[in-house]
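Order of writing sets the labels: A, B, C and D. Residues in every chain begin at 1.
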Amino acid sequence: MAEARYNGTELMISLASRLMSDNSTAFIGTGVPMLAAALAQKQHAPNLMAVFEFGGTGAVLEKLPLAVGDMRTYNKGLYAAGICDIMEAAQRGFIEYGFLGAAQIDPYGNLNTTVIGEHDHPKVRLPGSGGGNDVGSLCWRTIIIMRHSARSFVPKIDFLTTPGYLDGPGAREKAGLPKGTGPYRVVTNLCTMDFDEDTRRMRLVALNPGVSVEQVVEATGFELIIPAELAANEPPSDTELRILREEVDRERYYI
Amino acid sequence: MENKTLRLLEEGQGKLIQPFDLDDFRALNRAKNKALVDKRCSEKEAISRWVNEGDYVGIELYGTVRCPMSLTREIIRQGFKSIRSAAQGVYEADLLAAANCIKEMDWTYIGLEVYGVSHNLRRTVESGYVETVVEWSNAALAWRFKAAAMGVPFLPVRSMLGTDTLKYSAAKVIECPFTGEPVALIPALVLDVGVIHVNRADKYGNCQIDGITGFAAEMAFASKRLIVSAEEIVDTEEIRKAPDRTIIPYYVVDAVVHAPFGSHPGEMNGEYERDEEHIKRYFEESKDPQKVKAYLDKYVYGVADHAEYLDLIGRERLDGLRIKEG
Amino acid sequence: MAEARYNGTELMISLASRLMSDNSTAFIGTGVPMLAAALAQKQHAPNLMAVFEFGGTGAVLEKLPLAVGDMRTYNKGLYAAGICDIMEAAQRGFIEYGFLGAAQIDPYGNLNTTVIGEHDHPKVRLPGSGGGNDVGSLCWRTIIIMRHSARSFVPKIDFLTTPGYLDGPGAREKAGLPKGTGPYRVVTNLCTMDFDEDTRRMRLVALNPGVSVEQVVEATGFELIIPAELAANEPPSDTELRILREEVDRERYYI
Amino acid sequence: MENKTLRLLEEGQGKLIQPFDLDDFRALNRAKNKALVDKRCSEKEAISRWVNEGDYVGIELYGTVRCPMSLTREIIRQGFKSIRSAAQGVYEADLLAAANCIKEMDWTYIGLEVYGVSHNLRRTVESGYVETVVEWSNAALAWRFKAAAMGVPFLPVRSMLGTDTLKYSAAKVIECPFTGEPVALIPALVLDVGVIHVNRADKYGNCQIDGITGFAAEMAFASKRLIVSAEEIVDTEEIRKAPDRTIIPYYVVDAVVHAPFGSHPGEMNGEYERDEEHIKRYFEESKDPQKVKAYLDKYVYGVADHAEYLDLIGRERLDGLRIKEG
């Protein structure tokens, strides 16, 4: 697959960053999303407003924050408030993009970050919802970033931590979740996927460089919708890689 | 799950003057431009662009403190006749009533504090010009803004219970699903337009307020459209130096009006005292409808804008109101 | 009644101020209560924490505030917040004393500040609840200050703006109001009254100087409980009068 | 009125670990001394006086920022074994888990952010030492503190709906009496003890925080007993100069602990960076229970108090973490 010019993480970061439009808002959690947002700000989205869970808004992402409450999340910011203020802004519809990851994902984009096995006697205790459920409930468009494997892309997840499209069309609204929200894209080391409007099931959109449909199908534990026409994801440009390596994550915490 | 229910114990018979749809509100908030754009404009532009006849308009202030008076006078000047509003004010509500701008009101308190009842409000309500009056407590009204600001349909509260205030409001009382005890639920109040005066703002609308904040943040976040006026316009670098001083972030603001002495004849936290003589005279005269008309003709209709108003009041007089250091 | 050494307002202010104990909290509205609190601070209650509706807490009441949002309400204060913060502190039980006035009061201490006549076609439109209903609902002990007359002390009020004991014992709790709260004293130009524990009806406690029981009964439009033993209210001392006139209300806005 | 009802659509099956009675909470708040009294004491005094075995203890922080670590280490040092807590932290929760202090948890997120999962938490939960785990989202937990801070039994929210997170929480879903749509209700969380670290406080407990405020105010107002530690103790005149900077007012505070570098190895807004090397090493070692024990023996049990801890870390090293001006 991807040649040695870049690694899978760098690819996912650049793909995610390209999904964010300028003059918009993104709810940023720790890890890859921070790098994607920082990269977007330095590229096509200088006016992307980065919103951090614990209160930072409009920070200039010069140095990579290591934590969602890190000083860098409100460094030279425009508004340093508290977690409730930010979550309520999301509840009021102010936040366009949210980023999520998970141990397990199902065909409807529902996510598990809580337990593997039974909740009360877990095989593996995972970190929990954190802000994930709130992001998946309240942001307009959530972008899910994961490594692609049949172990994590499963027909049924052990625990539904964060809502995707639940069990199909209209289910979110029926549950009382804000109208018009839900998973927007799934970005993996193999491809980009979205969700079919009629079934709300995951659909392949674009393959990463050197990746075949067969590879994607093999790494997906459920039936994926494969459209007749597929786009191709451009690899990270030299500029993107330079910014990532020399500006965004100098210390290489993530890449 | 099986059909469990909760008892709905009481429903206020007051009209919900401003029905809300949180998903529509979300869509409007989503559509607001998040870019840093210069939003400065005059009172005239702000009101004519962002306020429509019949709108539900909220004006934030307390007593005569931090009143957006230059914007209130512009609302009157532009001749609105059927504004719906939350009456939680003093001088500004009295003035709007005097000019017959208001048709429906969520009411909590309108009086002139130390100077007693509001004659203009009495006239406009007792005469029936104001068609609908719905009762609330001060906290309930502030909490209704807070509910909207939180993006939720209601907040539970422990006041208003057992009274006619609740009976003539649009609140409801339910059996709490956690405690089993009665609790009042007050509906979110999503404003068409919010009008707030602050100490300083940058051209994008990031606002700082000195001293007590009243319900500025709650109202700002509860407004579909938000007009702020500021005593001073500062560079954004000032905002970035202390982001924890920002009470209202730019992305909720639609218009920024530079209005020095914008609270006159009211006062401004840390900047100037209220014009006691002017207010006292106004409240005296307000007993007589003719004198009220004369007041409006002179101080509102008789001037083209806030600058002319300040000239009329007199720059020297205004400087005399400034708070001396220490 | 009261000789010319002081007027009725000065008497009511001093009586009210004496009801507030030190190291406590008082929710202060405009008018007489402000003067009473200021007087108490300068006399027996230096640590009386004055809380103002629109956000001021712990201010030093050097100069008389004219409005509940006045700068003087947080001048050299300890905490300048917003109306919700203060009302929520009251809802959490932090505020001991609240002060109320009204156009009408009934035997249970219920108050009307909304309308005389029918709500939808009022004879007289009054200022409304304002913070009154919240104070009467959420503070532990409310002190009602009114001029005594049969026109305002009535068997049935036109509109129940602010809750007293509603229709008797247990009624507040049954309505969902916080336990253990309610009217504490009624202070008038004629006397001080409280509320009988068994019936929650108004009861005479102490007569003002030179006032007879008959005068009180005559000025009360409902049957007042008259106990066998009555206390006597001390007139304002010279010190109290001096402080009131020379320090608290120099401009004589109220007295 | 006639028997109207609302539908109760769903009830989470999770345990309400900390049942609440708002009227009892009111009585406790009423009993707090409102006088300005000196509340300064040591970590040892604060924890032994205000924390009891089995208490529900909340520790406010975000990630590794503004952590009351000197107080957390004292809780471990005093050997508590059955604390109930809200796990919304990182390093401090990991440490409490490593020392087996916790029996029941309201859980939202416990991981080490950039360094991945918390090995100690995994062990304590997977081994069953922690008997009860109730799920919540981050916002839901913060809003539960906010409900208690507002003095109301619950808050309505639009997250958690439709998920197992709600099913394994103690939230309920009702039909909104205003919109008719489903809305989640989350119960108030009234803490026995709240533990918060701030930039500066006066001896009475008036606290200022620089930068983002996390959920400090909500937790402070939701606590029956409140212990604050501060990097710096300032004169009350400093507080009175800027009352609008007070995030936590003195009257809710029970103990004030002077704890310079109290957040170490975490960071402090505007004062010092986190000790990356120390944290990285700890998280590496935390994979091995023996090494965790050695860490606790050295940095917690092996020192008498915070002063000794700082000596052990080394004053020079600490100075190196200070943020240089600009």
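Convention: a residue touches a chain if its C-beta (ideal position, glycine included) is under 8 Å from a C-beta of that chain, and two chains touch if they have at least 3 such contacts.
Since we're looking at a predicted model, the values are computed, not measured.
One simple way to say how far apart two chains are is to compare their mean CA positions; for chain A and chain D this gives 28 Å. Averaged Cα coordinates give chain B a centre that lies 36 Å from the centre of chain D. If you average the Cα atoms of chain A and of chain B, the two centres end up 40 Å apart.
The set of chain B residues touching two or more other chains comprises 22, 150-152, 157-158, 181, 183, 211-213, 243-244.
Across the assembly, chain A contributes 56, 74, 80-81, 91, 178 as residues in contact with two or more other chains. If you draw each protein chain as a dot and join the dots that touch, the picture is not a line, a loop, a star, or fully joined; it has some other shape.
By the definition given earlier, chain contacts exist for A-B, A-D, B-C, B-D, C-D.
Chain D meets chain C in the complex at residues 22-23, 25-30, 32-36, 149-152, 204, 206, 221, 236, 239-240, 243-244, 246, 249-252.
For chain A in complex with chain D, the touching residues are 30-31, 52-56, 66-71, 73-74, 80-84, 87, 91, 110, 114, 119-134, 137-138, 159-163, 166, 171-172, 174-178, 253-254.
Remark: chain B residues 61-66, 87, 90, 107-111, 113-114, 117-118, 121-122, 125-126, 128, 133, 135-140, 142-143, 146, 157-165, 168, 173, 181-184, 211-218, 267, 269-270, 274 touch chain C in the complex. Across the complex, chain C meets chain D through its residues 22-25, 47, 49, 56-58, 74, 76-81, 88-94, 96, 140, 178-180. Across the interface of their complex, chain B is touched by residues 1, 3-11, 16, 21-22, 150-158, 172, 174, 176-179, 181, 183, 185, 187-188, 209-213, 243-244 of chain D.
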